[in-house]
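Once you've had a glance at the structure underneath, I'll fire off some questions.
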Amino acid sequence: MSRALAFLTRRKGGDAWDWTDVFTFLWLGSAVFIMFGPALWLVLSSFKSPAQLAEFPPTLLPYEAQTVVVEGFDRPLPLFSVTDEAGTRTLAEVRRVGTVAQMVDPENPGEVQRVNIANRTPVREVGFSWGNYLDPFLRFDFLNYTKNSIFVTGVATLITLLTNSMAAFALSKYEFRGRGFVVVLIIATLMIPLSVILVPLYSIVSGVGLINSLWGVILPTVATPTGVFLLRQYMLTIPDELLEAARMDHASEWQIYWRIVLPLTAPALAVLAIFSVVWRWNDFLWPLIVLSRQEVYTLQVGLNAYAGELNVQWHYLLAMTVITMIPVVLVFIFLQRFITAGIAGTGLK
Amino acid sequence: MTGVKGMLGAVVTAPLVALARVLEVPLRLWQRLTGQGGMVAFFLLPNMAIFTLFVLLPLVINIAYSMTTGAALFLPERTYVGAAQYERLLRCTDYTNLMTCQEDQFWIALRNTGTFVVLQVTLLIVAATITALILNRALRALSFWRAVFFFPVLLSPVVVGLIWRWILDRNGVLNAALVGMGMDPVNWLLERNYAFSAAIGVTIWAHLGFFALILLAGLQAIPRDLYEAAEMDGTKPARVFWRITLPLLMPNMLVVIVLALIRAVQVFDEAYVLTGGGPGTATLFLTQYIYEVGFASLLKNPGLAAAASILMGGVLIVLTLLQLALGKRNERKGRLK
Amino acid sequence: MGRIQLHDIRKSFGAVDVLKGIDLTINEGELVVFVGPSGCGKSTLLRMIAGLDKPSSGRIEIDGVDVTPRSAADRGLAMVFQSYALYPHMTVRANMAFGLQNTNMPKPEIDARISEAARMLEIEPLLDRRPGQLSGGQRQRVAIGRAIVRRPTAFLLDEPLSNLDAELRVSMRAELSALHDRLGATMIHVTHDQVEAMTMADRIVVLRAGKVEQVDTPLNLFNRPANLFVAGFIGAPGMNLWAGQAKDGAVQLDSGARLPLPSGVTVPEGSVTLGIRPQHLRPMAGGPVRAEVRLIEALGPESVVHGDMGAGGTLLAVLAGQPDLARGTVIELGYDPQMAHVFGADGQRLA
């Protein structure tokens, strides 16, 4: 133990290659595998056909059974590689009866051969079942869910930025009676999670008629004390002289807010915007409670409902999970620096 | 990179700018009429109205709610029952046997949550600390490694739950690996202890990066010359860890521990999607209990759910106060130095 | 245009009285400098004139109109802040245009004013940069430019030069004076640096602890300081101030020295303070001022001598050239009694 600690506290790799260096490499190596692996596996699996998903053990890559169009048959026939007394050859299946398949040689479609299914394996190539992605949008409600999620995320983020920054501006740049009280109130409610006020919140949202409305999902989330707190802390660092200069420049208080203070708060606004997008896109419990009609489901709720069905259609479910994941992964790839800085600096999540 | 950021920025700001311009003239008028006080009210009103309606008001009426019974949704229509809901939650004929409790589900959820909090937070903190220490060694490609651990943090709980449900499936890739190594497959999500462990493992997987990042920030703030001074003194590395690294990391460590506790007490999304609380009640946690009693079950009892949520809120308030107190103490210590 | 009158301006922050009744008239086109030690209330007074703060009591008039209840924007003044307060996210051009746009001025007029001011201040090449890309001196010019384009009835400048290095400060001082001559507008310039005040001002307002000590032209302040504070504050190095007893046309110091008073004024017997500027002392064998040399600062054309007069009295003398003096020797100095200042026990000027 103490050797492990010794190794961990050292700031630079030593000269000798000792077992503790091995520990680092093991830890990091397995991290790549454990952290990225599941998501990669999800993406690979999402391209597999239902038959392939049922296979055990699973293959790494998605394959597609090859088919061939044979003269005299309306639909393409699946291809098999057959090995029996007569040698190895590639045949197309016409129909199957019990353990025996009737097959034809694509080159010579007139002659039907009977083959025991134990003697054949399907011919297949790496291929992607794009239908997994298309069908849910075309045949199920996922297009709708996606629209709802985008609406909730976009509108909630805009309202959050607007109302939180206005409140933060008032609370950081004006002296008025009751200001201290409001600030304390906001800090005191920072840590109160949704799950503590679930029941009364539901009755209020229901009272204002927003059950099964996307606005019922949006409104309770936009007045988060977190945003006001974060922005206020940032605005406190903007010198008051700038505001006074603007006042001498005939700027109205509203102009001071949006022409002077908001642009200068851009870094904090960006952090809040990114987090708000991720939060609202990922929200689950509250939408689950407010939305009980299919046509207003968000992606997360729709996904959960779909996964809860008796006969889970994994091929669609996995594909939609990937779709749900994409925006967040994009945000992560392009804005990682912002996010990590934001978290390290504010403890926000 | 900057292009993307610029575009994102423009998309977000364009409607706001348009709105701001439109409001300029009426607000100048409003300012003339009401002065600065009127403007302060204007800036505060939207946020405070929403905040009051959807945060403060629920907080206040939750207590009243927990003292009522019935199926009616609105408080004035509900029947006052005093502390009956709390009594129902807490009464057991024999406290050594949870099955004798009137609300045995609550007690099971409580026990599960307690076990979960202890195990998950301990493992999470240890793993996050090791990760932070490793990332703090002058590694090449730090931002890549940070990304490795951080990547799952942003994923939605539903996605996390589904990814792992797929991997832990009876015919999933994990069992395939076991079979490949000559072992028997395991029914991960259908056996009590495995399912519980899976809930712990998956939530750690999802949140490790977040806590490691905060700890890493703490480690990076420790001045390097302290280590050099210790090295000059010939201090043993183990001693350096216990006497320098850990004490200086303590402020961040405390934040991390309390945050992890607060999160663990509320565990719901990932576990719910992963196991649905099962098998049986093996992974039924408090939040799920509140959700089901309040909204999902056939015998809805919002008053009971409110009472349970207030008990949970009490725990969270204690934890939050603890964090504030610890933060204050650290501040004072910092000032003394 | 540009006559500013203050009537009994008072200001308290909580229990602290920062301004204790200020009456002042600033004439049209005048360059007035507020000078005084840090914390004496200069900025507070200026901000009150600007309209950024409201006085606790008193009245402010501009061109005879009571503007006390008016907001900052409606007083027609422009201010240059100590930190310049340039909008960091706007270009220099946008900084200068901002105030004009807010009054709905037509764009050609705005452009014309900006280019005129930019030419005057030689900041034309900087117009499309942001404040962050400018040096301190350049920012200073932009801040002044932003005030100029407004064509205000008066300019208010709060320690505009204090963030510049010494050399730049001297040249900006001259430029500001030139600018004032050219614009002919009223200017109120705040500084804690008396050299700045002396070199720039038409009239100086000396403030101490929220009160006006004296208002006069620089030379009058130098030649006839109204009280001990002004006497000590104006002039560098500071005036020698020796306390003693007045008797028979001379002052008897504790050290025993007898220093002659100016003739033609009657000084009642009793405690007085005699003030003599270091520049007015000259070597004189057997002169009334005797001191042991402690330190010599040889500046080339002149030398500053620090001396010890005994009984706690110290001496400062600025002697022409490079006199041959050694530390520890005793020098004897004389002065023209007409150049001496006499202050009574209450600190007010007697002669």
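Details
As written, the chain order gives the labels A, B and C, with residue 1 at the start of each chain.
Operating definition for what follows: contacts are C-beta pairs under 8 Å (C-beta built on N, C-alpha and C of every residue); 3 or more make two chains touch, one makes a residue touch a chain.
Because the structure is a prediction, the values reported are computed rather than measured.
Taking the mean of all protein Cα atoms as the centre, the chain whose own Cα mean lies nearest is B. With A-C and A-B as the two chain pairs, more C-beta contacts join A-B.
We define each chain's centre as the mean of its Cα atoms; on that basis chain B and chain C are separated by 61 Å.
Averaging Cα coordinates per chain places chain A and chain C 66 Å apart. Separation between the centroids of chain A and chain B, computed from CA atoms only, is 18 Å. Within chain A, residues 252, 255, 266 each touch two or more of the remaining chains. In chain B, no residue touches two or more other chains.
Against chain C, in their complex, chain A makes its touches with residues 239, 241-242, 244-252, 255, 259-260, 263-264, 266.
Chain C makes touch with chain A in their complex at residues 47, 50-52, 71-73, 77-79, 81-83, 85-89, 98-99, 102-103, 146, 150.
Within the complex formed with chain B, the residues of chain A that make contact are 2-3, 5-13, 24, 27-28, 31-32, 34-36, 38-39, 41-42, 45, 54, 56-58, 157-158, 161-164, 166-167, 169-171, 174, 176, 182, 185-186, 189, 191-193, 195-208, 219-220, 222-223, 225, 228, 252-255, 257-258, 266, 270, 273, 278, 281-282, 284-285, 288-289, 300, 303-304, 307-308, 314, 317-318, 321, 324-325, 328-329, 331-332, 334-337, 339-340, 343-345, 347, 349.
Of all residues in chain B, those touching chain A in their complex are 1, 4-5, 9, 12, 15-17, 19-20, 23-24, 27-28, 31, 36-37, 39-40, 42-44, 46-48, 50-51, 53-59, 61-62, 65, 73-75, 130-131, 133-134, 136-138, 143, 145-159, 162-167, 171-173, 175-176, 179-180, 205, 209-210, 213-214, 216-217, 224, 227, 236-238, 240-242, 244-245, 255, 259, 262, 266, 268-269, 273, 276, 287, 290-291, 294-295, 302, 305-306, 309-310, 312-313, 316, 320, 323.
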